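Take a look at these structures.
In what follows, chain A forms one complex with chain B and a second complex with chain C.
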Partner chain A sequence: MQAVKNLQSVQMRPRKPAFRRAWLSWIGIVSVIALWQIVVWLRVYPEFIIPPPISVVERFWEALADGTLWLHTSTTVSQMLAGLLFGVVSAVILGTLIGKSRALEALLSPLIVAVQSTPVVAYAPLLVIWFGSGPTSKIVTSALIVFFPMLLNTMIGIRSVPVMMHDLMRSLHATRWQTFRMVEVPYALPVLLGGLKVSATLAVIGAVVGEFVMADAGLGRLINQARFSFDTPLVLVAVITLAAIARFMYGMISVLERRLLFWQRRQ
Partner chain B sequence: MSAEIAARNLTVSYQAVDGRGLHALGPINFTIQPGEFVSFVGPSGSGKSTLIRVVAGLVNPTEGGVWLDETPVTAPSPRVALMFQEANLLPWRTVTDNIALPLELAGVAKKERTAAALALLPRLGLDCPTSYPAELSGGMAQRVALGRVLIQKPDVLLLDEPFGALDALTRERLSQDLIHMWEHDRQTVMMVTHDIHEAVMLSDRIIVLSRRPGQVIADIRVSIPRPRAQEDAYSTAFGDIALLVRSAIERA
Partner chain C sequence: MMRKAVMVLAAVVMIALGVTVTMAQETSDQTLFLTFVPNIQFSPFYVAIEKGYFAEAGFNVTIEHGDEPIGVDLIASGSRQFGIISGEQVIAARANGRPVVYVYQWFHQFPVAIVATENSGIESIADLAGRRVGLPGRFGASYSGLIATLSANGMTEGDLSLQEIGFNAPEVICIGGVEAAAVYVNNEPLQIQNRIDAGDCGSVTGIRVFPVSDYAAVVSNGLVTNEQTITENPELVGAMVGAIDQAVRDVLNNPAEAYLMSAAYVEGLPLSDDFRAWLEAESASASERGDASPLESVVYNQALRDALVDVSDRDAALQFEILLNTAALWANDPLGYTDPAAWETTAQTLITMGFLDEAPDLSGAFTNDFLPQIP
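Let's look at the complex of A and B:
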């Protein structure tokens, strides 16, 4: 309930004009690049440690032209999306069940907490041993990392329905399915979408960690490869691409949020 | 249409968290005539809300029970409609869709239920069919909640402090509108309130409940003729009844 309230207060804050906020975020990005350029000019570090921005841009075009960037990006993105899909769907189903049954929560929560509190990097090698060096191990890693925040948010969301609302639906002879569809799901939606935002960025991490362990393709592998050949600009190209993917996913879910939670913004 | 409500030897105990029983209500006995408007007052924790929930079929009595026209209440009945202190509107639904909710749950077609909801708006004093709950004031939200009750065409209205969260003026206007509608439809009404003035103004009878476990300690008839006006509140009869209720609560 608290989570929902927080979310609402965030959404209902009066907004600055959109163009002004867009300007400010561009200023942030531009100043970081400017700072980077200044560090390069001052020659604080040799170029193979901090290459100038322009050589990263050149490397980007090169990798784009010869198809390497596309190959690795598409691999990572497809693995991430598959992981996100599996992780979110299974977490929402299980989270709904746990949200409705304290007994199930007691049974499963120690297990879930144990898996969650183990860092991904610790069990990623295990997953590669079990599921091979192909996409499957990355999808599983990604799904696992997505699973927990999504599960937690689903539970919180389902339980955020006020008792009075349940009384109302019962007094109106609503079936369990009607209550689920017309009350529980929409009430859970704000928290669910908040979880999805976190999960979407985590899914990228999951896929990349898997690729770091062992992979035939993917941005994680590209980073490793470039690092060993001291191709620092290419490392940065891969890192920035990953950041862009994560930001894009975040933005997509924000759009979804604005569409689905239209009723929160009115006041 | 209206119905007779009878509570006989009604007792409710809850299982507390520590496993001990908590005796919340009763044993209590009363009969409410069809079309009668009865208010329940009493100190906090006298089980007034529990009583409403038993009549609504949401809580099962431990002993005794409630009869609706001599049929025992064991589950929510379609003849009974419930209104709470909070409007409890679904925030993603428009005013019309919130009012139409009971019909939607009953499987009434969209066209029909929307028409029924729209037809209620003038009576409710609402002119914002497409607004969302976040855009409504507390009083307007409660009017929508009242609409959601009336669309069920209930024989019994259960009102659990329906105006408790509103400011004094809104409260007065809303209760006046409620009483006008009731004078037209004459449902049986059970209302829980903390406000003695409101109880005397609206009711035919006021039942005072004691501290936990709630029992009937006074059953006071309000013999002020209807229709009543706000000015009646300054009459001696009104003052006498209010004082009677007040001293009963103090003894509770």
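Let's look at the complex of A and C:
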């Protein structure tokens, strides 16, 4: 019986910090809302600039009930996911190739850095003209914005494999595929997942920037529409929804990270 | 004698100091909010700075450009006291608790039009039914202008295949993306026509323009302030309106001079030596002619537009023509007067657009009380 109790206490112990962290996150969110309400009470700004939290909540339920929020959120999420997929897949493929070839890096890096150093808002209008006002331009914007961090992390990951590991695989007469699968992927995975976390949040920005320029639907379009009709609570509803999507994506990739990198925790 | 001289000198010094202090007190820094980017269409504000109208009125004016909703919020919250905002934005803003007031109508004709390609066979607004029509987005002047035009013709946006194309109408029309588009009447039709003339507009051979003002009286851009400024400092509002009114009048009278003055404010405004000389000659002849009424000026400026055919610098000619087209939209007698009936039409348009649920109280939305011509 005592052994079972001991086992339970051992199992419970690691959960405590996570539980505490979750509470701290909520305390942080509640504090921001409390501060927001205090600013409203103190009338630092008129209510049309900073509306009270309750009116944002009311507007949230209205937008949810009439289907507006779902329409725009689903559009943004689908475009973001497509952009993330294209951006990540192409970056991982190219990042792997560049990670293995210095010549390819020398050839492509000026171009890649040039694209990355240009703010997305500068070229988003051009993408809309080139790819049309439909979802393609938003997917391309999203893919471009996630491409660089993912590419960089893939390169770093591939190059993080110690030389002795390559020597070992060669001594075992391993094929290229075996080396890639058994050594390079496991070594690259932690860095790669770090890049994926950043990319997932950036993908939201990419999709929304495209929607700001021109769109029939999406949270960026909803923000524009709400701004021009002076509906500040609806602007905040859309902004908070975007933040929630980004946080959800981050959380999902953290879960994926824990599952894929289980061996790290064992170590 | 000596004592008298000292007293006179002291009096002179005191008066001088007093004048200086008064002048220092009367000069206030004002940031004037404008939408879009520095552009020849904003020439009255550059002229008001260059000719010292703002300074005479006691203002040291800085111009800032930004998004219209941001401008409305800055003015409504008192961070800015003046800005150029469109009428429908004032109604929508007031309906959402923003105490902004429209005090001077700058554009007397709504600057939006529907432009359609000749190839499309669209010869009337009714012909737009079922066609692909572009607009920047479902917000702002283009959208309200389109809805007002459709309403006046017994149509709704559901009758069209509306496509949001941003501010890219010339490009999208020329590649055949849409058959018609809501555009700024003083600008995009000229750009499209120029492309057609240059053989750079795909299969488009010509355009038809349907100005919104032919179908509906919708309130356009004007000077906006807030209720607090009107209550606490009506002289300030009157002074600002007076300075802008004089500048608008000057641009109508002498657009060539306005173009020359605007060159310092609009980066990249084409101004070759030949065109500068042409403008200087036209400006001198306008000065000799003297002041004309705003509506007479439009007639004079038509002759100026015709003379542009001989100008070799086509980029500059296009920009100057945009100024002439724009100035024609400002002309009214009296300048600055805003028609209450147009506000009713605009409010009704906003209801049709779904931006308002019910007819708003328009009583505080606008005033003609500050116009220089109306006692």
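Definition applied: the second predicted complex is superposed on the first by the 250 of 267 C-alpha atoms of A that agree within 3 Å, B and C clash if a C-alpha of one lies under 4 Å from a C-alpha of the other, contacts with A are read in each partner's own complex, and residues count from 1 in each chain.
Keep in mind that, in the parts below, contacts are C-beta pairs under 8 Å (C-beta built on N, C-alpha and C of every residue); 3 or more make two chains touch, one makes a residue touch a chain.
Note that this is a predicted model, so its numbers are computed, not measured.
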### Query
What is the contact status of A:Pro46 with respect to chain B (first) and chain C (second): first, second, both, or neither?
second
### Query
Which partner does A:Leu172 reach: the first (chain B), the second (chain C), both, or neither?
first
### Task
Based on the superposed arrangement, let me know which partner A:Ala215 touches: chain B (first), chain C (second), both, or neither?
second
### Touching partner for A:Phe248 - first (chain B), second (chain C), both, neither
neither
### Task
Examine A:Ser229 and indicate which partner it touches, taking first as chain B and second as chain C; both and neither are also allowed.
second
### Task
Based on the superposed arrangement, let me know which partner A:Pro125 touches: chain B (first), chain C (second), both, or neither?
second
### Query
After lining up the shared chain so the two structures overlap, which partner does A:Ser133 touch, if you call chain B first and chain C second: first, second, both or neither?
second
### Query
For A:Trp26, is the partner it touches chain B (first), chain C (second), both, or none of the two (neither)?
neither
### Message
With touch defined as at the start, can you tell me which chain A residues reach chain C in the complex?
### Response
45-49, 125, 128-129, 132-133, 213-216, 221, 224-225, 227-232
### Task
Using the touch rule from the top, collect the residues of chain B that touch chain A in their complex.
53, 56-58, 76, 78, 80-82, 84, 86, 88, 90-92, 101-102, 105-106, 132-135, 152
### Query
Inside the complex, what are the residues of chain A that reach chain B?
162, 164-165, 167-174, 178, 182-183, 186, 262-264, 266-267
### Query
Inside the complex, what are the residues of chain C that reach chain A?
67-69, 72-73, 76-77, 89, 92-93, 95-98, 136-140, 163-166, 168, 171-172, 177, 355
